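Working notes, beginning with the structure itself.
By written order: A, B, C and D. Residues from 1 in each chain.
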Amino acid sequence: MKFKTVGHSEVRVDAMAKVIGEATYPEDFYMKDMLWGKTLRSTKAHAHVNLDTQDAEKMEGVIKVFTYRDVPDNHHGVVLKDHEVFCSKKVRRIGDPLAFVVAISNKIAEKALKTIKVEYNEIPAIFDPVEAMMKDAPLVHENHKSNIIFHYKLRRGNIEEAFKKCAVIIEKQYKCGMVDHGFLQPEAGLAYMDGDTVVVCAATQYPHFDQLEVAEALHISQEKVRIINPAVGGAFGGREDITMQVHLALATKVLGRPIKTVYSREESFLAHSKRHPMVMTYKTGADANGKLLAMEAELVGDTGAYASWAINVMRKAGVHATGPYEIPNVKVDSYAVYTNNPFAGAMRGFGATQVPIAHEQQMDMIAEELDIDPITIRLINGFTLGSTTATGQVLSDSVPLKECIEAVENSLGIKNHYEEKMEELAMEAGVGI
Amino acid sequence: MKKINLKINGSEYSLEIDENMRLIDLIRDVVGLTGTKEGCGEGECGACTVIMGGVTVNSCMVLAFQANGKEILTIEGVKGKGNDKLHPIQKAFLEEGAVQCGFCIPGMVLSAKALLDENNTPSREEIREGISGNLCRCTGYNKIVDAIEKAAYYLVKEAEDNEI
Amino acid sequence: MEINKTFQETEVEAVLSLLDQYQDNSKIIAGGTDIIIQLHQGRVNPEVLIDISNLNEIKEIKQIEGRILIGSATTFTSLMKSQVIPKNLWGLIEAASQVGSPQIRNAATIGGNICNGSPAADIVPPLLALNSQLVIANKMTERKVPLETFFIDKGKVDLKNNELLSYIEFENIKENQGLGFTKLGLRKALAISRISVAVFLEMKDGCFNEIRIATGSCGKFAIREKEVEDFMRNKQVTDELIEAGANLYSNIILKRLAGRHGSDYKSEAIKGIFKDGLGKATHLAKKGGV
Amino acid sequence: MKKRGKGIGSIFYGTGYGNGFPDVSNAIAELLPDGKVAIYVGATEVGQGAKTILSQIAAEVLGIPLQQILFVCEDTATTPDAGTAAASRQTYNTGNAIKIASENLREEIYRLAVEHLKINSKVGLKMADGKVYLNSFPSLAVTFKEIADTFSKQNKRKTLRVEGSFTALTTKMDEETGQGAPYWPYTFSVYGVEVEVDTETGLVEITKAVCAQDVGRAINPKLVEGQIDGGFAMGVGYTIFEDLGLQKGEMKNRRFSNYLIPTALDIPELEKIIIESPEETAPYGAKGIGEPVMIGVAPAILNAIYDAVGVRMTEIPVTPEKLLKAINKAEE
């Protein structure tokens, strides 16, 4: 089939504005009579708090200091509504928003922020997700009986029996750290009233969900909230959860004037989600020919202080724990756990990025034990058309994994390289004797 | 407050500024040229790159008063004034798919310009060196390097055509 | 306190007068790459800023009677492009070229890098290995101090508030001498040095006739490694000697950083960094700069 | 000493919200008075190229050049909900919704063309370059603009607007066994890299890299390559550079001077191989690739490090410090 446009490397429709500097990101909007907002954030990981905003409010040029008392429905969150717009009684992580100062200039807002007195009464905090799973661990959210907010179970076949039949079994634990999206454009936004409609202009991945979140927090109908999503300076999952949207919407609704806020890079790091760190414990077994027979994995994902997308992330991690291989016997337990770390949410790959760090090294280790090269072991086990995944799903169309493996092999020559290395090792061993 | 005079994209400005104002704030908030972006505020990301006195600087790392008497080029001044003709660098960025979110692009274009002004046949390694102060999180740089390589070709060709 | 006066001077004399007038309340700004961050973080709090980036007098590099003088307001980019620096001083160029990024090198100055007193200042180890002297002026007089004694503590240097570092000077390099520099950073640009080593060599009959070594990022400030120098000086160059020197160096770093974060790593990695820097210096000294 | 090694990482990735969650995209296609076509959809352009890809799909259906599409996605007041720009779902989900909306518009335009041309059937009608014409008698034609005019006159100056909606099919997995069809479609990706490890400093340099990426069908090959390049760089950062330095809940590294993302000098040239295998349920067979392109990077580098120096790095990021320690431990 011949296409006219599809399949052609058309020039991006948004590129022209971007190369001449005319693309407008949220910080590029300025309005008449605009006020500036600055967010006060927690410096403690787990503490009861009390705020004294009097001095800030008395400062010349400060219009108002918003706290939890000003928010009609003080909650938000993409799955569980476990974030407070502004913390009311306690903070659960460093960076939790406590107040939003609105002033006539950015400088004054910044100064006013420093005059707010925050009384922290620290309570025991938990930073290790495995320890957080224990019964006596401090609770990050009191309304949850445990820090474990999700447990995904995958059960296929009988791993105990299958491991008995394995010629080789590899057991290892893997860990991956918490990382940031590092999109180049730090969060910025501008909100204003258009009649009785609250308009929020901010970079987001999902304008319609932001609309819902703002409407719920402000207790107004969704039709009275409009989200304008101008040029977005990268996202990678980090603009899934809202940051300043409700702060701005609330301030403009109360004050009736346009409000702008621009985060510094440091505040951006504090404000948005992170990639889930995971502890991944794997046991994988194969027969003498390299055919995978069984895999068992326990995945513990640290979602930090808030759930964000943790349930979906750890589910995705669990489903993808096998890698693109047919394994008849699989047991996976995947957990999402609260701690007092920065909160983790969506980031490029969404749980499926962490597990290959484990399953792909497991594959190579099994191959090495059996003296099979890394390409062949993958071709033996890799999904093809009609394969069944560990969840029982049949891959009924478009499964070009082997083509991908072969293309890489043709370019890099891993097989040959492996064989040469083995020969060298054999020679060395021979010399040794 | 202090009064300074400077030239931006060929236009003269005489401005009253705060002593501690940064050049980027002058360019964006005072003059209203928002093509210059702030990505880190500490000279690491290069999104705020402008050409001052013929060389690239991070405009977040220059105080506005230091720009007194200087000539500055921002992204808005790269394209020829009064016509729609893109600079060959901008054209090459479009054609090679070097743009994604676009936030780093103004700075990239200016770094590319400074590089090509000095060396019109840079190697790919020299191009990488030339943009090593401009972070990009989207493109992995390769298409940007492709684009600058192509722009160099365009510029050399343009110079040759002009000679004829 | 807020900045309420700024000066943009073109004469050294004028700067010295201003420094004399404002003393503690003033700060010098040149490239701005360090001080603007310090201002932002409230780590410095001057009322007066004196911009020296237009002092052409101290922006040049010259050779006078066998000595090389680098004006303190010289940018790294100018140093890299200088025609005055001979080829076998490549270590100096290499150090300059590894500072930050093109934008930073276009603004940041040699004097700023020195006076900021950071242990990770890239240009300091090569200048130490060259036995550099600093020319420091105030309104009344001028003094010369060895760079080696200039550093007092992390971020603290022997420079009074009415003084300006005007020149850095050292003896020009000879044909059988070479200066090598190797830096370990965590990425290839915009990298703060984790370890850096500069080695100055004079070769004679296959011996290290003279050797001077300086380390960056392994202590409160960059320092000379005299114990390693003494161990290697006047000895025939052999792989064993280099290996032994590297091991000695490693032990010294381990002792110096005892208990500090990264001491195990730095004392291990210094061996490879040193050997690399030494190799570069040897190569330059042997080739006579050709 | 510098040692080289090669490694591979192969992965699969299931698109979408998944697990039976209603994964819906809505789009509106509108014939504008000047004969251009507007697409209204709440799908965000985050830099990935959604605007271009989705416009290309609409242009293809309607047989008009890309420049004739006006793509509006920036405002909740004018666009329908198309879900989030995440889960690599916009090309597949929203692409499908836009394809359906465009096809609906095409059918409407055909219907109006039949009226306008006063012919007895739409069979044999073709659409190209903003015109509808009879394939067997091409001079019998009507332009989109004429159709727009006619429609406007007949409908109180309104424009012709139609909708399209698409819901991805997934099932909720069994809570005890995790059995089910949680995502669709699956995208495959394989990375191969060659690294050079400095055994004296623990520094890792990537000297060669290749990615073979299943895309279903590439709507825009250059944009696909751009995604691969970007995913690779992010993968390199994840594996060997990026560390927030968490200490008791505090990120010690929260600036770009200490949270190190790769620079242009840290990223090698990357060979990009696009593997096409059109997916039946996808718009023109195109699958989402935004996430898959970064996933295989880390394991390929880790396997290459092992191949080079014989140590299994089970914790990322692999900093020089950690790697040197592991190398020295292995030697003991």
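To be clear about the criterion, contacts are C-beta pairs under 8 Å (C-beta built on N, C-alpha and C of every residue); 3 or more make two chains touch, one makes a residue touch a chain.
Bear in mind that the values here come from a model prediction, so they are computed numbers and not experimental data.
Novice: Can you pull out the chain pair that has more C-beta pairs in contact than any other?
Specialist: Counting C-beta pairs in contact for each chain pair, the top pair is A-D.
Novice: Just to be sure I understand: the centre of a chain is the mean of its C-alpha atoms, right? Then which chain's centre is nearest the mean of all of them?
Specialist: A
Novice: Between chain A and chain B, what is the gap in Å from one C-alpha centre to the other?
Specialist: A distance of 33 Å separates the two centres.
Novice: Indicate the whole-number Å distance between the mean C-alpha point of chain A and the mean C-alpha point of chain D.
Specialist: The mean C-alpha positions of chain A and chain D differ by 18 Å.
Novice: How far is the middle of chain A from the middle of chain C, if each middle is the mean of its Cα atoms, in Å?
Specialist: Roughly 42 Å separates the two chain centres.
Novice: Centroid from C-alpha atoms only, then distance chain C to chain D, rounded to Å. What do you get?
Specialist: Chain centres of chain C and chain D, defined by C-alpha means, are spaced 48 Å apart.
Novice: For chain C, give me the residues that contact two or more of the other chains.
Specialist: Each of 101, 188-190 in chain C touches at least two other chains.
Novice: Two-or-more-chain contact residues of chain A, please, as numbers and ranges.
Specialist: 9, 12, 14, 182, 231-236, 265
Novice: Could you pull out the residues of chain D that touch at least 2 other chains?
Specialist: Within chain D, residues 46-47, 49, 222-223, 231, 234, 255-257, 261, 263-265 contact more than one other chain.
Novice: Looking at the whole structure, which two-chain pairs count as touching?
Specialist: The set of touching chain pairs is A-B, A-D, B-C, B-D, C-D.
Novice: Using the touch rule from the top, collect the residues of chain A that touch chain B in their complex.
Specialist: Spelled out, the residues of chain A in touch with chain B are 9, 11-12, 14-25, 27-28, 30, 181-186, 231-236, 262, 264-265.
Novice: Taking the complex as given, what residues does chain B use to touch chain A?
Specialist: Checking each residue of chain B against chain A gives 29, 32-42, 45, 47, 74-76, 78-79, 86, 90, 93-95, 97, 99-106, 109, 135-138.
Novice: Of all residues in chain D, which touch chain B in the complex?
Specialist: 46-49, 222-223, 225-226, 228-234, 255-257, 261, 263-265, 267, 269-270
Novice: Touching chain B in the complex: which residues of chain C?
Specialist: Touch list, chain C to chain B: 2-6, 8, 29, 31-33, 36-37, 39-40, 49, 51, 53, 77, 100-104, 106-107, 188-190.
Novice: Once bound in the complex, which stretches of chain B touch chain C?
Specialist: 2, 19-20, 22, 41-44, 46, 49, 55-58, 60-63, 65-66, 68-69, 111, 114-115, 129-130, 132-135
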